[in-house]
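Next up is a structure, given as C-alpha cells.
Order of writing sets the chain letters: A, B, C, D and E. Residues in each chain are counted from 1.
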Amino acid sequence: MTLQSYLPTIGIALGQMLLVLLVAPLLEGMIRKLRAVIQSRKGPPIWQPYLDLMKLLAKEDLRVCASPIVTWGPPVMLAAILVAAGIMPMGGAVPASEVADLVVFIGLLALANLTLAGMGFSTGSAFSSLGASREVMIMLAAEPVLFISLLVLAMQSGSLTFAGMLEAPFNIAAVAAAITYLLALQMYVAKVPFDITEAETELIGGPLSELSGPRLALTHWAIFAKQFIYSSLFIQLFLPWTMTVIPWLGLAIVANVVLVLVLDLLVVGVAMSVNPRLRLDQALRYGMTLAGIAAVALIYSAAL
Amino acid sequence: MDVTAQQSAQLLFGALAAGTILGALLSRWPRLCGAICALSVAAATAGAGWLGAIVYGSAMPVDLTLPGTVFVGLHLTKLNIVFVWLVLGLGLLATIYSVRYIEHAAEHAPAAPVLRYYPVLMILLGSMAAVVCLPDLLHFFIAWSIMSLSGLALILHEYHKPEVLAAGIKFAIFTLVGNAAIFIAIMLLRNASGSFSFAAAQSTMAQMLVAQPWLAHTIFGLFALGFLTKLGIYPMGDWLPDAHPAAPSPVSALLSGVMIKLAAYDVAHMSFELMAGGGAGSGSLMAWGMVLATMGALSVLLGGSAAAANNDTKRLLAYSSVSQSGYILMCLGVSIGFALVDPRLAALAFVAAIVFVIADGVHKSLLFLTAGSILHTTGTRDLVQLGGLGQRMPSTTLAAIVGGLSLGGIPLTAGFVGKWLLFQATLQGAAQQPLLAVYLLVVVIGAILSMAYALKYVGAAYLGAPASPRCCEAAEEVPASMRLPQVALALGAVLGGLWPLVLVGPALSAWEAIAPFAPPVTGVGGGMLLIGDPQIGTLVGGFVPPVIFALIVLSGLLVWGLSRIAGVPTRVVPSWQSGLDLPLAHTRLPASGWYWPFTPVLRSVYREIRLPFLSRLSEAPAEQEAAEATEAERPAVQRAASAFSLIDGGE
Amino acid sequence: MTAEQVTQGLRERIGDALLESEPRGDRRVYMTIDPAEVVAAADELFNKMGGRYVITAATDRREKHGSFLVTHFFSFDDDDLYVILHANVPEDDPRIASITPTIPGAGWAEREMQDLLGVEAVGHPDPRRLVLPDDWPTGVFPLRTDFSSQDKPEASMEGAPQMTAIPEGAVVVPIGPYFPTQHEPESFAVFVDGEVVVGSDYRGFYNHRGIEKLGSSDLTYNQIPFIAERICGICGFVHSCAYCMAVEEAAGIEVPRRADYIRTIFLELERLHSHMLWTGVAGHIIGYDTLFMQTWRMREPLMWLAEQLSGNRKTYGMNIVGGVRRDVDKKDFPKIEKVLADIEREWTALQEAVPGDRTLTARLGNVGVITPEEVRELCSLGPVARGSGDTVDIRVDHPYAAYDELEVSKCVEDGCDTLARTFVRLRETPVAISIIRQCLEQMPEGEIRAEITEEIPPGLQGIAAVEAPRGESFHWVLTGEENRPERWRVRAPTYSNLQAVSTMINGDVLADVPIDIGSLDPCYSCTDRMTVIDRRSGQMRVMTREEMRNSRNR
Amino acid sequence: MGVLKTLWSKLKQAILALKPGRVTLGYPFTPREPEEGFRGLPRVDVNRCIGCGGCAEVCPARCIRVVDTDQTTRVLCFLHERCTFCGRCAEVCPVNAIEMTKEFELSTDDPHEDLVGEYHIWMGPCERCGRCFEAPSALDRLKRTGMRCDEIDAKCAIACPAGVEADSEETKS
Amino acid sequence: MIRDWLIKKILPRALWIYHVNCGACNGCDIEVLDTLTPYYDAERFGIRLVGSPRHADALVLCGPMTRQTAPAVRRAYEAVPDPKVVFAIGSCATGGGMWHDTYNVLGGADQVLPVDFYVPGCPPRPEAILHGVATALGLTTKEVKAMRAIQEGSDVEIEDLPEEQWLVQEQD
C-alpha cells in the first residue's frame, strides 16, 4: 500500500473529527441541563457550552510564561484528542482500522493528558502544578482500567484493531470489562466525583487555572471531546449490536450520537449530581479496584 | 569484497587505536584532545557504516580478523552490526558532547584529568564494538572484561567524590560476580567442547542438551546471570542506578544507551544460538523464556516506580534504564519462549526488543546528555533545586521534551514503536500462554509509569518556575558542540517514530540473521507497521505513522486557526496566587512533592541492595537515611507543635 | 464554682494581688488584680479551676485613670458564671505579661491588643502583626483615644505579610485571600508536602473595618446595634442582640418579656438559615452541588419569612437598646408554622440520607480532627466544640433572652472530625425549629420595647454572651460619656475557632483543607470586626455642591 | 454489596432531589414584589418634612446630610449609595415624612448621580431651627453638634405647623 | 471584526463571574451565592461562578474596600482578561457603607477599581442583584434615578440653584 491510498481514510477521519468537535459541547450542555433538573432549577440552555466557547475565543489571552508548552499545549491537546476521535469506530464502521489501532488510540489520549499536565507544571503556580500532579495520578488510576477493559475485547478477538475488536464475542469476561468500563467512565471524563484534577473548590481549576481566552476554550473543548469519545467508545465496542441493527451508516452515526447522549445523561449526569468529589487517594483506590477486576477479566479471557 | 570489509574494519579499530594514543598524548590540551578523539570516532563510525553496508549487501555473515591480529576473528551478522552502529553512532555523539563538557569539568575538578578520560573512552568504544563481533568465547571474554574495566575507569573518573567511589566499587563487585559467572560458563563449555570457538560451543550445547540437560541449563543460567547483571535487571543490576549518575554525563549516556544494551545482544545471541539453535526442547525454551520475561517484567515495574519517585536527574534516568532494560528482556524472553512454538510471534517480540534497544539507546543517551547539560550549566542534579530552565536553554529543552515523549512512549516517537510492537506481541502471546496476559498488565502499568517519570524529568527541570534562583538564574544554553548531539538524537527519535522502517528494518534483518530456522512473517513497508494474522486472515494491528502525523498536523492547524479566529491580544501577567504576591520559589511544587500519594508507595517498592561497607564510604545514603528519618518524624513533630503552630516559628 | 469559691481560690493563689472582687448577682464577678500576677491568676482560673478562657480586651483609659485597662474574661459554663479580671497597666509602661504560654487560645487576643492599643504582651510566643494591614505604619494604635476617628494613615498598598518558616520541600498553597470556597478574604498559607499538609500560616483580618473604633467614637448607643448587626451578614442578629443585652445589663434596663421572645425567635431563625446555608456551602466545597442547591432551596422560604417579619432578608434591624423595633404579629404565626413544617419535613429526609451516603461520609470522616484537649486549650466553641464532645452551649449554660423558659436540647457528638460537626449542625436544625414553636406558643402579650428615660451613666460594665450558630458570641460594653460606650469589645465565635485550624489541618490532605476550614463555619468578618466609636469634631468646612453630592468618604 | 448499597442510596438521593420539581422564578422577566413590610429605598415627602434633621442624627450609616444653603433653605441630602435601609430615619421622623418604599431595583452605572435624594426644605421662621425633633428615648437624645440647634423656644411647640405639638410637649422638659 | 461581534453578542450570554469580597460582612456574598440557587438560578443567563479570575468576565465586588484587601483586589482585577465588567454589590461596595470613614476602609470599590455597575442594598435582595446583572446585560433597564424635590412655598427651581459654595457642617 502506498501512502496515497490512505487519502480516503484521512478524509473520513477528518469528517469524524469535525463531527466530534461540533457535537461534544452539546453533550456538555445536556449534562448541565440534567444537573439543573436534579437541582430543581431551570438551568442554562443546552447550547450554552457553545456560547461559552465562542465567548472564550474572544477573550484576552493572558500568559504567565513564554513556555512553548503553554503556547502550543492547548492546540496539541485538542488535536491529539480529535485524531483519537478520527480513528475510533463511529456508527459501527472503522474506516481507519489499519491506520491506527487501540494502542495508538490510547497513546494519543495519553499525549493529551501529558500535555495538560505539562501545561500545569509550566506555570509555576501551586494550584496548576498540584493539578498537573493529580492529572498524572488520575491517569495512573484510570488508564489501566480503560486499557485493560478494552484489552479484554482485544484478547477475545485476538486483534488490537478496532475492526477486530468489534467482532469480539460477548461473554462473561466482556461483560465484566463493560461493567468496569462503565464504572470508570466518570473517571475518564473527569467529572464529579473524579474532577480531582480541576477541582474548582480545591485547586481553582488545577492545570486550567492559569489559562484564559482561546487557550482555555481549546482546553475545555478538548475535555468535552474526551467526554464524547469515551462514551462513544463504550457504545461502539461493548454494545456493537446497537449499531449493526441499523442498516444505513449515516443513521448509525446519528444513533451513535444519540446513544452517547443518553449514556452520558444516565451515567455521567446523574453520578455527577449526587456525589461529592472524592479525595485523590479514594479515587485511586477506586480506580485500582476496578483495574484489578478488569485484570482478572483479562486473564480469564486469556485463559479461555 | 573481503578486502574491503577488512579495510573498513581496519579503519574502525585503527581510528579508535589512534584516538587512544593521541588522546593520551594531547591530554594537556583538553579541547584539542577531545576534537582529535571525536575525529577518530567519526572515522571509526565511517568504517562501521561501510562495514554495515557490506554486511547488509551480502546474504551470508561476514568473517574477518581483528585488525592488528592474525588469529582473532570477527564475525559480523546483520544482528551484531546493528549494535556496532549503535556503539559508534552514539559513541561519536557522546565524544563530540564530551569536548566542552570534559573541558569544563576538568577546569572545575583538576583531580579528574583529561588523561583518564579520552583514551579510556576510546578503549571502551573499541571494546564495545569488538564484544559483539568476536566469535571466540575467550576473546569475547577478554573484550568483555576490557569493556567492564574501562567502564569502571570512566565511572570512577571523579573518584575523589565519595559517592562516586562507592558507586564504582559497587559496580566493580557486581561486575566481578557477573563476569565470574560468564567465565565459569565459558570454562564449562570449553571443558565440554575442547575449544573456545562459538561454533563448537553451539554443537556441544546441542549434544549436552540431550545428554546432560542440567549442565546445559546450568551453563545457560550462568550466562544469563552474567548478562543480566550487565543489563541492569533487578536485583543483579542494582549497580546501575548508582553507577550511571556517578559517571560523567556523556559516559552515562554511553553506559545507559549502549553498554547495557550489549548485554541484551548477548542474551539474544546466547539464547538463540546456543539454546534454540542448539535444539533445546520447546518446553525448556518456554521455561527459560518465561523466567527471563518475568525478571524483565519485575524490572519494568521496579525501575519504573523508582524512577517516578526519584528526584535526581541522572538517577531518575538510570532507574528508567532499569525499566527499559526490563522491557527489552521481556521481549527477548517472549521471543525465546516462543521461538519454536510460534516463530511469527517470536519474531514480533524479537523485533520489539531490537527496536527497544535502538530507541532507548537514542532517547536515553539524549536525556543523559540533556541532564549533563543541566549539570554543566547549573552544577546540580537535584530536580528539587531545578526548574524553569526552558526559557534559558531552549534548544536543550526542546531536545529533552522530544526525548521525554519518546521515553514515555508517545505516538510518533521511536519509543512508541517499541511499545506498540510489545503490545502486539504480548497480546498475541497471551492467547497461547495466559501468563502473558499478566505481562500485558505489566506493560500497561509500565507504560503509564514511563510517562510519569518522563514528565517528571522534563517538567521539574525545564518547565515551571525556578525553585532555587542560585541554580537556575545563572543557567545558560550549552555550547554548540553540546547542542549538536542533542539535536541529532532528538531528530533520530522523531525519525524513528515517523518512519518506523528505520528501526524495524534492521531488526527484521537481525531476526533473519539470528533465527534462520524461523520464517519472517511481519510485514513492514514504507512508514507502515501492519501485523496480519495468517490464521484468521485479518489485520490484528496496524499503525501508519505518516497518516497519523498528517492527521495531527491537519487537526492542529484547524484548532489553531479556530483559536486565532478572533485575533485576541495577549498580555503577560504574574501567576495568580489567590491575590497574594508570593515569590515563585514558594509556590512552585518541588519535584519531591509530585505524584502524591504514589510517591511514598513507589519509593518503597524498589529495594536498593546496600553493601554495608560502602554506606560508610558514601555520604549520600547517610543523608538519605537522615532525610527518611526526619520524614517519619515530621508529622508527629508537627502535630505536637501544632497546638500553636500558627504562632510558633516566629520571624 | 460559685463567685465566692472563685474569689477564695484566687485569693489563696495570689493573695493581696487580688485588689478587688465584686460579684454582681450569681452570674458575674468583677475582679481587679495587680498586673504582675495576671499569669498566675489566669493559670489558676484556666488550669486549676477549669474555667474557659473567653477573650482579652484592652481599653485606653489614660485620660481619666492614667492607665490602660487590660481585661481577661473567663467563663464557668457549668455554673453560669463569668469572671472578669481587670488589670490596670500604667500608661508610661504599657506592658503586661502574656498569658498565651498558659492559655494557647489567648494568642490572637493579645496580638490584637498589641496591634490596636500598643499594650505589649511580654513573652508572647508569636508577636507578629495580626490585625492591622501590612502597610500600616508602626507605632500608630487606632484604638487609643488620641487616634482620632478621622485619622486615616496614607495607604501605600505595599508590604507583604510575614510568613512563618516554610518547611523544607513544601510548597505554599495560598488558600485565599481570594479562593472560591472562602467567600471572604483571608489567607491561609498552607504548606504542603506532596499533598499532605505539614504546616500553615494564617493572615486574616482582611475584613478589619474598624467597627470597635466606630463603636466608641462616632456612634451613639442606638446606632451601634445596626453596625453590630453588620459585623456579620449571616449571624448579624446575634451581634446586635448581644450588644443590646450588654448595654441593658450595664444600664440595668429591664427588657419586656415579649421582646425577649421575639429576640429568641429571630435568633433561632438565624440559626436555622445559617445551618442550612452551611450544609449547602459544605456540599459546594466538596463538589456536591446538588446538596448546595437543594438546601438553599429549602432555606429560601425562610429568607422570605424573615423579610416579611423584619423588613429585610438578613440584616433584620430588629434590635434596639431596650427591646425590639417590630412586633411579631399573631396573624404571621400560621405562615411561620408552615415554613417551619416544610423545612422540618425536607430536613428530616436529608438528615436520614447523609449518614447512609458512603461517598459523603468518606469525604467528611476522619478529617479535620480536633481532640477534646485541643478544643479546651484553643477555647473552641459551638459546633466545633460540640463535635468533639464538649457540651458548652450558651443557650443552656448561660441562658439569656427567653431561653430560661424554653426547652433546649444540646446536640453533642464525639467524632471530633468534620463529619461530627456536620451531624451537630444537622441535629441542631430541628431543635431550632422546636424552639421557635415553643416561643410562638408561650409568647406573652405586652410591650416590645422598654421606655428609656434616663441617660446611661459612664463607667458601667455589662457583658452578654449569645450562642451564635458558630458558637458563643461575646460582647462587653463599658459605658462612657456623651451617649456612647467608652469601650465595646466583641469576640465572635470564629475568633476562637479559627485558631484551631492549623491543628485541624495538619497531617490532612490538601483536598480536605477547604472542608476542614469550612467545617468551622468560619465567619471572618465577625472575627475581623473592630469598630470603635469616636467623637465628631464638629468642624466647619466649605464644599461645592458637586463635592457634596460626590462626597462619600467624609 | 457495598457498591450496590451506595448506588441505591445515590439513586434515592436523585429521586429525592427531583421531588420538588423546578422552582425557578421568572424574575427579572416577571416582576416579583418583596414581602409585606420590606424596607426599601427611603423617600421623603418633602411637603411634610419640617427639616428637623432627626433622621440625619440617628442614621447609623451617616448617609443623610443636612445643609443650610441660606437662611431660608435647608437641604436634606440622602446619599443612598451607602444607605443600609435600616429604616431608623422613618422610625424617628416626628412627622412621618419618610417612607420606606418597596423599591429595591436600585442598580445603576452612576451611583453618585442616581442614588441621591435631594430635598430642599423651605424653612419658615420656626422650623429652620430643627428643634421639633425629639429623640424617642434618652439614648437617642441629641448629643452631637452637626445640626443647627438654637435655643429651644417653648412657643414653637404651639405654633408648629406640622401638628406635632403633643409629641413635643410630652417629651420636652 | 469577529471579536467585536462575539463580545457584543455572545459575551452577555455567557458571563462568568469571579467573586471578590473586599471586606464585606458576608451578607452580600451570601446573596450573590443565593442568585445561583434554584429560585433565582442565574445560570439561566449563562452566568457561572468560576474559581480563577483568569476564567472570569466579570468581577463581583462586595463590601467596603479595606486597606488590606485593596492590593489583592487590584491583583484580581489585573488577572481578569479583557473585556471585563466590574460589579459592586451592596451599599458598602457602592459607597463604603457604614464604614466609609473608618481608619481601615478606603471607601467604596471605585476607590481602587473602575466599577461599571453598582447594586446598592444591605444586602441587596437576590432579585436586586439579578436586576443589576440583567441591566448590565441589557435584559432590563435601569429603574432608579435621583430624586430632587423642593418644598412648596419655595420659589426656587432646582435648575436655578446656584453653584455657590455651601457652608457645610461636618457631619462625620
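Just so we're on the same page, a contact is a pair of C-beta atoms (placed from the backbone, for glycine too) under 8 Å apart; a residue touches a chain by one contact, two chains touch by 3 or more.
Just so you know, these numbers come straight off a predicted model, no measurement behind them.
Contact with both subunit C and subunit E is made by A, B, D.
Chain centres defined as mean CA positions place A nearest to the mean of all protein CA atoms. Counting C-beta pairs in contact across A-C and across B-E gives the higher total for A-C. Among the remaining chains, the Cα-based centre furthest from that of subunit A is the centre of D.
When every chain is reduced to the mean of its CA atoms, the largest separation from subunit B belongs to D. Separating the CA-averaged centres of subunit A and subunit B is a span of 33 Å. The distance from the centre of subunit B to the centre of subunit D, with each centre set as the mean of the Cα atoms, comes to 80 Å. Our note on geometry: subunit C versus subunit D, Cα centroid distance of 28 Å, whole angstroms. Averaging C-alpha coordinates per chain places the centre of subunit D 21 Å away from that of subunit E. Counting partner chains per residue, subunit E has residues 2-3, 6, 37-39, 41, 44, 50-54, 71-72, 76, 79, 81-82, 95-98, 100-101, 108, 122, 125, 161, 164, 166-172 touching two or more of them.
Across the assembly, subunit C contributes 171-174, 177-180, 185, 192, 195, 218, 226-227, 230, 290, 293-294, 297, 307, 312, 315, 359, 509, 536, 538, 548, 552 as residues in contact with two or more other chains. In subunit A, the positions touching at least two other chains are 38-42, 57-62, 126-127, 129-130, 133, 200-201, 204, 209-210, 213, 273-275, 280-281.
Annotation, chain-chain contacts: A-B, A-C, A-D, A-E, B-C, B-E, C-D, C-E, D-E (touch as defined at the top). Residue ranges of subunit A in contact with subunit B, taken from their complex: 1-3, 6, 9-10, 13-14, 17, 57-69, 74-76, 78-80, 82-83, 86-87, 96-101, 103-104, 107-108, 110-111, 114, 117-118, 121-130, 132-133, 136-137, 139-140, 143-144, 147-148, 151, 154-155, 158-161, 163-164, 204, 209-210, 213-215, 217-218, 221, 280-281, 284, 295, 298-299, 301-303.
The touching residues of subunit E, when paired with subunit C in their complex, are 18-31, 33-34, 36-39, 49-51, 53, 63-64, 66-72, 74, 76, 95-108, 111, 122-123, 125, 161, 163-172. On subunit A, the positions that touch subunit D within their shared complex are 37-42, 270-271, 273-275. On the subunit B side of its complex with subunit A, the touching residues are 387-388, 390-391, 398, 401, 405, 408-411, 416, 419-420, 423-424, 427-428, 430-431, 434, 436-438, 440-441, 444-445, 447-449, 451-452, 455, 458-460, 463-465, 525-528, 530, 533, 536, 538-544, 546-548, 550-552, 554-556, 558-560, 562-566, 568-578, 584, 587-589, 593-598. Here subunit C touches subunit A in the complex through residues 171-174, 179-181, 192, 195, 283-291, 293-294, 297, 359-360, 362-363, 509-514, going by the rule given at the top.
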